[in-house]
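Shared chain: subunit A. Partners: subunit B in the first complex, subunit C in the second.
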Partner chain A sequence: MDFLNGLVFLTNFVIIPAAAYGAQLALGALGITLVYAILRFSNFAHGDTMALGTGITIKLTAVLVAFGITLGPLPTALLALPVGIAATGVILLVTDWLVYKFYREQKAKPVILVIVSLGVMFVMNGLTRVFFGVRDIQFADGERFLITVRQFRDMTGLDEGLAIRTTQAITLVTAVIVMTALFWFLNKTRTGKSMRAFSDNEDLALLSGIDPDRVVRVTWLLVGALATTAGVLYGLDKSFKAFTYFQLLLPMFAAAIVGGIGNPKGAIVGGFLIAFAEVTVTYPLKKVLTYWLPDSMAPEGLVQLLSGDYKFAVSFIILIIVLLFRPTGLFKGQSI
Partner chain B sequence: MIVVENLVKTFGGFHAVDGASLTIREGSITGLIGPNGAGKTTLFNVIAGVLEPTSGRVTMAGEDITGLPPHELFHKGLLRTFQIAHEFSSMTCRENLMMVPGNQAGETLWNTWFGRKRIADEERALRAKADEVLEFLTITHLADHKAGQISGGQKKLLELGRTMMVDARIVFLDEVGAGVNRTLLNTIGDAIQRLNRERGYTFVVIEHDMDFIGRLCDPVICMAEGKVLAEGTLDEIKANEQVIEAYLGTGLKNKDQVATA
Partner chain C sequence: MTDTLRTGLFAGLVVALIVGTGVLDNWNLALIIVNYGLISAIMALGVNLQWGLAGLFNVGVMGFVALGGLAAVLISMPPVPEAWAAGGGQVLGALAIGAAVIAGLIAVYKRTAGRVRVIAMVVLGIVGFFLFRSVFDAGVQAIEAVNPASTGFLGGLNFGGDSGRDWPIMAVIAWPVGGMLAAGAAWIIGKTALGLRSDYLAIATLGIAEIIIAILKNENWMSRGVMNVIGLPRPVPYETDLQADPDFVATVTDLGLDPTLASTLWVKLLYSGLFAAFLIVLLILAQRALHSPWGRMMRAIRDNEVAARAMGKNVTARHLQVFIIGSAICGLAGAMMTTLDGQLTPAAYQPLRFTFLVWVMVIVGGSGNNFGSVLGGMLIWWLWVAVGEYGPDLMIWATAWMSDDSAFKANLVNSAPQMRFLVMGTVLLLILRFSPRGILPEK
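On to the complex of A and B.
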């Protein structure tokens, strides 16, 4: 019984939140990895693209709610999401046309494009703050819990409860759908294959009748979809705040690099790895250990390895360890 | 068919191609020879749109194609292969071939979701064509192998196969024979001759193997130090003194004599 209680406690406070956070990071890292694989630069503007896309979706959600349209038990934001994705896609295409295209035609070095993306980041950052404000915004409506602590306790008779929030369930389901669709797209469709070909060998792709402009356009549209979805899911699960999204850039990059940047499978594994490490290390595990260890060995302290303030440090420790022992990332990077 | 006029390509201060002018006849298999560093590959790269020329002009059937990007040249029927074989390493040989034709129905997002039938029909046709090409090249057994894992010589065949997936008009082959054994080289030579005769492809071939050049090419153009030295049959070229000099160095001759020669 003690073991089960400990497991339920761990699931409730570590495994489920980490899985949801991991899915969000993975979706974000997928966007970063796609840009890296196909456009060949590290896109620092990705966090703020997420913020911008989420901001748009929030406004649309507010409009829908004002007209009395909701999704019942599900958050209304899901209804606004497709439009938010489309809007973000258009913004990215315009950004590409205004900014990146110029440098691409110059055949600028990747490091220059990185700095350019830094500029784009600041602009998007500013736009987000101007249009959507800097405050915390809660926009999750509908049913809050799939299972509450009390329901779980009544069902199982255990001391510890397990709550699954609707947003966590939605995050995981959506992530699975989006990832499956992405892999199907990349592996089975001609457009996806063109993208893979372009990522694998740009010179050859150009000599195979693959239209590079089309590949770039499709890439930005996919990146817009991934970023907005990741941003909205994160916002539903926690809350929307421009600065938090900017900060998310760090764990997302760590996830992409740990997995092997340019490799979508790596981005997914990296996302979950970083999330689990972050949550496990910053959560006080005292109660779990008390359940699991014999009484004589029960810990006295909180067994919180790092304070929550240091959670971003976890990504970097993992990043450094991986780069030291396996510089290409867990999966070999740079091709999709 | 292709006319190159006074083409110059410099990298920094180095003149890789230094005022080369040449004409490639339609339906010919033109050999391009010259010592290492003569600017042959750079010339290819400029013609094929990989590099922008510093100055000069390239026309194809009277149309100015100077500095057009590679994929546009591809649609005009100008194809090239690489000195070091390129392939999409994570795809199978068949998929590599199926990638080649441009403007496929499946390439637009719209058709990806709403034009499934058209795509399926097209893919079936492409697949049949790819299998035909693989058979022509005697590598049917490699169809489902990852292209990154086949041998260097087989990759060269795959490169040639790529040009057969579309109706090419002119194909630039950059050292198809490098690192390829005799038997395979003969297969490649046969394929080139058949494509030239049966489909009317024009070929330009960079090659160091003189037997190969002698068997296939007429005329042969010799380059050195970014310039065209001589043009003619291989025997004429071999007898040309400037060519011998370029290959063997000035030897014992003294520099003044060379300058006046």
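On to the complex of A and C.
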């Protein structure tokens, strides 16, 4: 019984939150990795793209709610999400046309594109701040819980409860759907295959008649969809604040690089790896160990290895270790 | 247009903007812009050494600036004897244990191999971590319990009276110490991360900066964390002391100035003089370095690493060297800024403001050109303040056609100061597009 209680506690406070967070990171890292694979630069504006897409979706949600349209038990934001994705896609296409296209045609060095993406980051951050403000915005409506602690206890008779928030369940379900669709697209459709060919060898792809502009356009649309979805899910799960999205850049990049940058599978594995490491290391595990260890060995302290503020350190250390010992990442990524 | 003329015109523009702010708005604001602009120029000089001269992509500027700020606290604040008695020795001991464990790990890594190495390192790491935490946590608790509302930290090394005001020189001594602290951190970071490709180095430095800020926010025993350290001693007189000084009041009254206004201006002018002195020395050194054989070597390495290596240049060591020097300059500027602010507020360190804005300064000014970075720093800082100050007025004018009770209009006017990010991004993109080498290009 003690073992089960410990397991339930661990699931409630570590495994479920880390899985939801990992799914959000993975979706974000997929966007970064796609830009890297096709456009061949590290996109520092990705966090702020997420923020902008989420901001647009929040405004649309507010309009829907004002007209009395809701999704019942589900958050209304899911209804606004497709429109938010479309708007973000258009913004990214315009950005590419105004900004990135010039450097692509010049065949500028990747580091120049990174600096250009810093400029885009500033602009997107500014737009988010001007139009959506800098305050915390909660926009999750509908049912809060799928299962509450009390229901779970009544159901199982255990001491510890397990709560699953609606937003966590939605995150996981959406992430699975989006990832499946993405892999189906990349592996089965003609456009997806042409993207992979373009990523593997640009010259050969051009030679076989693949239209590079089309590949780039499709990439930005996919990136817009992934970024907005990741941002909205993160915002539903926690809250929306312009600044926190910028801070997601580090764990997302860590996830993409750890998995092998340019490799979509790696981005997903990396996202979950970073999330589980972060949550496990910064959560006080005292109660779990008290359940699992014999009484004589029960810990006195909180067994919180690092305080929550140091969560960046976790993704950073994993990143550095991988870069030093396996620079191409866990799955073989690209290295240009 | 010759280079000298171009530099002169650029300098003239910066001076005109600042004088214009003074004449049209007020001189206090103009001098505030000058002071922070001088500090920004020093930061830009540091980043220019790393990027312009050596091509190192460091986006961890914020971390080094914050370490400088920490040095300002550790050097110029008075010590807290009760806290030292309560747990000072214990915390220092714990840090020594931590250092010993890391040294042990390195020794094990070097002396052993295979499975023995893994087991030994894991065991030593875990035992060392818990030993460190057990000693450290108790000491920290004792320190933080000492009068937590006003101290709760170890304080600094300024023995000039209760507030440290008797030794104002400590505030200036703290600046180079801030540089040294940043240099030390840069050495550790450079040893691990400098071998990485440019965008990986960028991510790594971005992470380091966040970790340094997390440490500042979290380690209350060192700098009070998010409770902030206020009332840092300054190297210049206090306004209230000046206003109480009959000689000062008599002198400024003769000049036809209001004593209160004159005291605020005088204090700011003194700061400007100090900062300008540091900036000029650094600028001369940077110019000498740029035109020395060392500078030519650095540019050769930047432009073609393989060729430079083939010529027998130690690229790794040179990169480490310039990374440390550039970071130290950022640390120096960070300490100056904390002294000027009079307080250390870790929550105020945001990457857009303290890392990426400095990058905008360097790129707009002209990477690889020291004068360009310095003037770019002043110009961009003026623009940053100006958009924040005058943006709301502009937005009220721009939205005059909307109805006054529109929530959208209220939102836009309230968010107008946030336009500075938009403006900075636009300026950066325009410069990169139409004048990629900056306003004053490298020769």
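The definition used in the following text is that the second predicted complex is superposed on the first by the 334 of 336 C-alpha atoms of A that agree within 3 Å, B and C clash if a C-alpha of one lies under 4 Å from a C-alpha of the other, contacts with A are read in each partner's own complex, and residues count from 1 in each chain.
Keep this in mind: contacts are C-beta pairs under 8 Å (C-beta built on N, C-alpha and C of every residue); 3 or more make two chains touch, one makes a residue touch a chain.
All figures in this text were calculated on a predicted structure; none of them were measured in a lab.
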**OP:** Figure out whether A:69 sits in contact with subunit B (first) or subunit C (second), or with both, or with neither.
**Re:** neither
**OP:** Kindly classify A:127 by the partners it touches after superposition: subunit B alone (first), subunit C alone (second), both, or neither?
**Re:** second
Original post:
For A:94, is the partner it touches subunit B (first), subunit C (second), both, or none of the two (neither)?
Top reply: neither
Original post:
So, A:41: does it touch subunit B (first), subunit C (second), both, or neither?
Top reply: second
Subject >> Most subunit A residues touched (candidates subunit B, subunit C) >> reply: C
Original post:
Taking the superposition as given, does A:191 touch the first partner, subunit B, the second, subunit C, both, or neither?
Top reply: first
Original post:
A:221 contacts which: subunit B (first), subunit C (second), both, neither?
Top reply: first
**OP:** Considering only the touch criterion stated at the top, classify A:203 as touching first (subunit B), second (subunit C), both, or neither.
**Re:** first
**OP:** May I ask you to decide whether A:316 touches subunit B, subunit C, both, or neither, giving the answer as first, second, both or neither?
**Re:** second
Original post:
Which partner does A:155 contact after superposing on A: first (subunit B), second (subunit C), both, neither?
Top reply: neither
Subject >> subunit B and subunit C contact sites that coincide on subunit A, given as residue numbers >> reply: 335
Original post:
What part of subunit C is in contact with subunit A in the complex they form?
Top reply: 57, 129, 137, 192-193, 196-200, 202-204, 206-208, 210-211, 214, 217-218, 350-352, 356, 359-360, 363, 411-412, 414-416, 418-426, 428-429, 432-433, 436
Original post:
Residues of subunit A touching subunit C in their complex?
Top reply: 41-42, 44, 99, 102, 110-112, 114-116, 118-127, 129-131, 133-134, 243, 246-247, 249-250, 253-254, 257, 301, 305, 307, 309-310, 312-313, 315-316, 319-320, 323-324, 327, 335
**OP:** Sort out for me which residues of subunit B touch subunit A in the complex.
**Re:** 48, 50, 69-71, 74-75, 79-80, 82, 86-91, 95, 99-109, 112, 119, 123, 162, 166
**OP:** Please name which positions on subunit A make contact with subunit B in the complex.
**Re:** 185, 189-191, 193-194, 196-197, 200-201, 203-212, 214, 218, 221, 335
